[in-house]
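Shared chain: chain A. Partners: chain B in the first complex, chain C in the second.
Here is the complex of A and B:
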């Protein structure tokens, strides 16, 4: 194998640990007129277990129908395609997401997500939890500690809704910050530690939503799945978003966390991030997602000011087939020479059948906002389905 | 030829009144936009059904705006099918119609002149007619008038079942908005 192929293969292998995709969250649904998340997800801030309505939209809006008339999805959209009738208050869901690495002479398959989810919505009360397995990655959500194949619990929370649109949640939850997306290698997600892969934290949150507004603020008590306690981050995370209309949302986020020791630097660390974001669909079947975050980092008294930005364009020429392009830029320290990194790429995501999609990514740049990280070509193929 | 006094008086009156109101029969020009807005809960679902078709009937005293409900699209074909067949029942009741007294509407006379106000009307959907208060604007253009109007209505009062699907229930209180250009019919 030529040296260049060796380098590419090594890089693809490295990506295995970098792309452990979590549950689905599709912020480009704004191009279908959905600015809010609460119709389709049990968590009103998005991602995770689907509601009946979300399952229905998975059949109606997400997948390709190949010219056939859309049938009523009321039964087929249910858990196990309606083979089991669940109580009205209970939602069950199983997600499997895998990735194939086509290394020269060695095709590897990795399980990135094998989660079982359950949610109960009874009157004012809601509870949601997930447990699963991954072959690699997702360390912050591990329940076990093996080199390979670990149990993970990404979220477990309970909530009460004392008034319309208001929810008070406690437990391990996704952090309310920026655009909630499954694309967790975006700099704006990874640099702020707000992916929905394994960056959930234990805490107490209050979310509020109206037709135009959605907001959530969370007090962070730490990640109990990280030990010892000195490594746990504490602080707050908050976001607010306003829908100017059903195809245009603007928002702002703010976060502060502090840990006695950081898992990377093994020194005291305080981190702040403040940013703005938008989701817009200026014309049918097309959306723009953009976010810019200011990063303020205090590593044992040494202060850094950085920035993370991302823009994603999505076009759906045929229902279920998404062609996307992205560009992002990040610098952990704007004053440090050579610190900035960037990535440009794109791909195709095709919801080709009921509850099933494949996604091909490719491009050039640095994966993650790593100071001085080398820009390289990258590519990967993912497949996902849920029951 | 001499003009009789009653004829002269009528002609003078018409000359005075005509510039101040859309006295001739009106018709739609271009593509109108008619929207029906609804919300669903839980989750604050926003639904907008849009039609680009409206027929205006002007008998000199009343203006009627009729929208074929089969022309209303919510962006999801299955939802359109439910709306049309299960709720509005378009086979029996094909149109939604708003009727207002023409004289109750203020019409600008000079190009660019804009009038706003509200006018009582009657809204018919699903074959049931209920009163509606329409907030409107009219703007005189070179060729006619640009008008907008909006009013609230309650589908339950029109005998339409409250839509509920996959756990989301639609609020029976809805809103209609219209925007179109009107010109004098030849």
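Here is the complex of A and C:
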């Protein structure tokens, strides 16, 4: 990288408060011809620890190259840029994700993710775990219990693969539902409780994947990091997706959970969600991600029928630079007047250096699917980095 | 102008429950739903009458304690009674009760706790599960 570009990159990192980020789930990889997740992630349903191949693609395909070769991607992409030689079966990864809120008079910096991940793949067996810290939020993944700065463990699971494409997993895992994305404020993720931020649950899952098909079903045993037991959800979550071709995937999801008491309403609650989604790249460097979910909610005997929808358009004019727009609509109860909320916005995400990206979001609407929630301008400035 | 548009997407004021507990002399920590639509909190989710009353008195969120103190003092001076039951909001909070319409008594209600190290009610430690899973995985690897 030329000195001037080094300076630009350093300035941008400083601008957002030295908060870099993790390799998360990037469903728009369909515009590069990737419909499946298993090539790049240890979890075949996506997100979390990267495989060697995923690390390599992060170097080759994800970032801006500034017009010249960046050296041997195989070595650069390795843990700590290849400074430490890990055993072939071991993957280590350190993820940092941060955000600043530069509101005049009250500038705040939030560490959303500071995780160390480890995964072992030995023969038929795979195990993966993460532990880290957050300055705020992520309470469903807390190990400690402080107002601020908590230890978190988002996932810890072990698996066996008795046949090609088949994996049986047990532990705390991301729920298989809809489009797996790091964008946890999307209505379709927050309304269904399926974010990869802190909505993982303990359970047993079976996943199956081929070049065209991927599917996973999970029995949910509850989140042991929430107490007492009456607040833990039990049920199932499942998804299936079929790739019509390398640039077009369609899928369906279904879930049901029930808890004796809900953590929000403090009353008995049963929730169902059933939906469809698609990831498509109708032409090169452009992708459409869309999801629509029917929400069926039983709160202490009172029943509600709602919807959550989202569409994200992503265009990559130059490798590593993504310009995106999104629109979403949500109503937890279609019959309740004033319940529906919406959000429209867009932004830019730039993978400006090896394993590093910054993202600027802006728009207008309600954050989270909150009945009657106020619509207002919003902005987010994030930075990501992983080792 | 541009900077003023930047607001936090989530976890707007995680310190507010503890601050409110102190300000109002509450016998226990209030849940986030005293102001927000859910315990997840977040910008734009203040829909409870008590929270709206505080925002009408200058509360802007983002964790600013002085702004919360000022808004709460004004609410006390204005003798706000959000649920119209004849007891002022500040007095309800001091008694450990929810000042919102249909609100319940916080301190008599079972509320969730998050984390493992203080979870005496948790029959299984998440760390124990993690250790067990890793032990099984590494044990199998050695055996092979």
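Here is the rule we go by: the second predicted complex is superposed on the first by the 361 of 387 C-alpha atoms of A that agree within 3 Å, B and C clash if a C-alpha of one lies under 4 Å from a C-alpha of the other, contacts with A are read in each partner's own complex, and residues count from 1 in each chain.
To be clear about the criterion, a contact is a pair of C-beta atoms (placed from the backbone, for glycine too) under 8 Å apart; a residue touches a chain by one contact, two chains touch by 3 or more.
These numbers were taken from a predicted model, which means no experiment stands behind them.
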Handout entry: Fit or clash between chain C and chain B when superposed on chain A
Key = fit
Problem - First, second, both or neither for A:164, with chain B first and chain C second - result: first
Exercise for the section: Mind working out whether A:61 is in touch with chain B, chain C, both or neither, as first, second, both or neither? Expected result: first
Exercise for the section: For A:270, select first, second, both or neither according to whether it touches chain B, chain C, the two together, or no partner. Expected result: neither
Practice task
In the three-chain superposition, say which chain, chain B or chain C, touches more residues of chain A.
Solution key: C
Practice task
Kindly classify A:46 by the partners it touches after superposition: chain B alone (first), chain C alone (second), both, or neither?
Solution key: neither
Completion exercise
Across the superposed arrangement, the tightest C-alpha approach of chain B to chain C, in Å, is 19
Handout entry: chain B contact footprint on chain A (complex, rising order)
Key = 32-33, 35-36, 38-40, 44, 51-53, 55-56, 60-61, 70, 72-74, 77, 164-165, 209-211, 246
Handout entry: Touching residues on chain B, where the partner in the complex is chain A
Key = 39-46, 48, 75-78, 165-168
Exercise for the section: Within their complex, state which residues of chain A touch chain C. Expected result: 89, 99, 101-104, 106, 108, 110, 120, 122-123, 125-127, 129, 136-137, 139-140, 142-145, 147-148, 150, 153, 156-158, 170-172, 185, 190, 202, 224-231, 261, 263-264, 266, 362, 366-368, 370-381
Practice task
Show which residues of chain C lie in contact with chain A when the two form their complex.
Solution key: 2-11, 14-15, 18, 31, 33, 37-40, 42-47, 62-64, 104, 109-127, 129-130, 133-134, 136-138, 140-141, 144
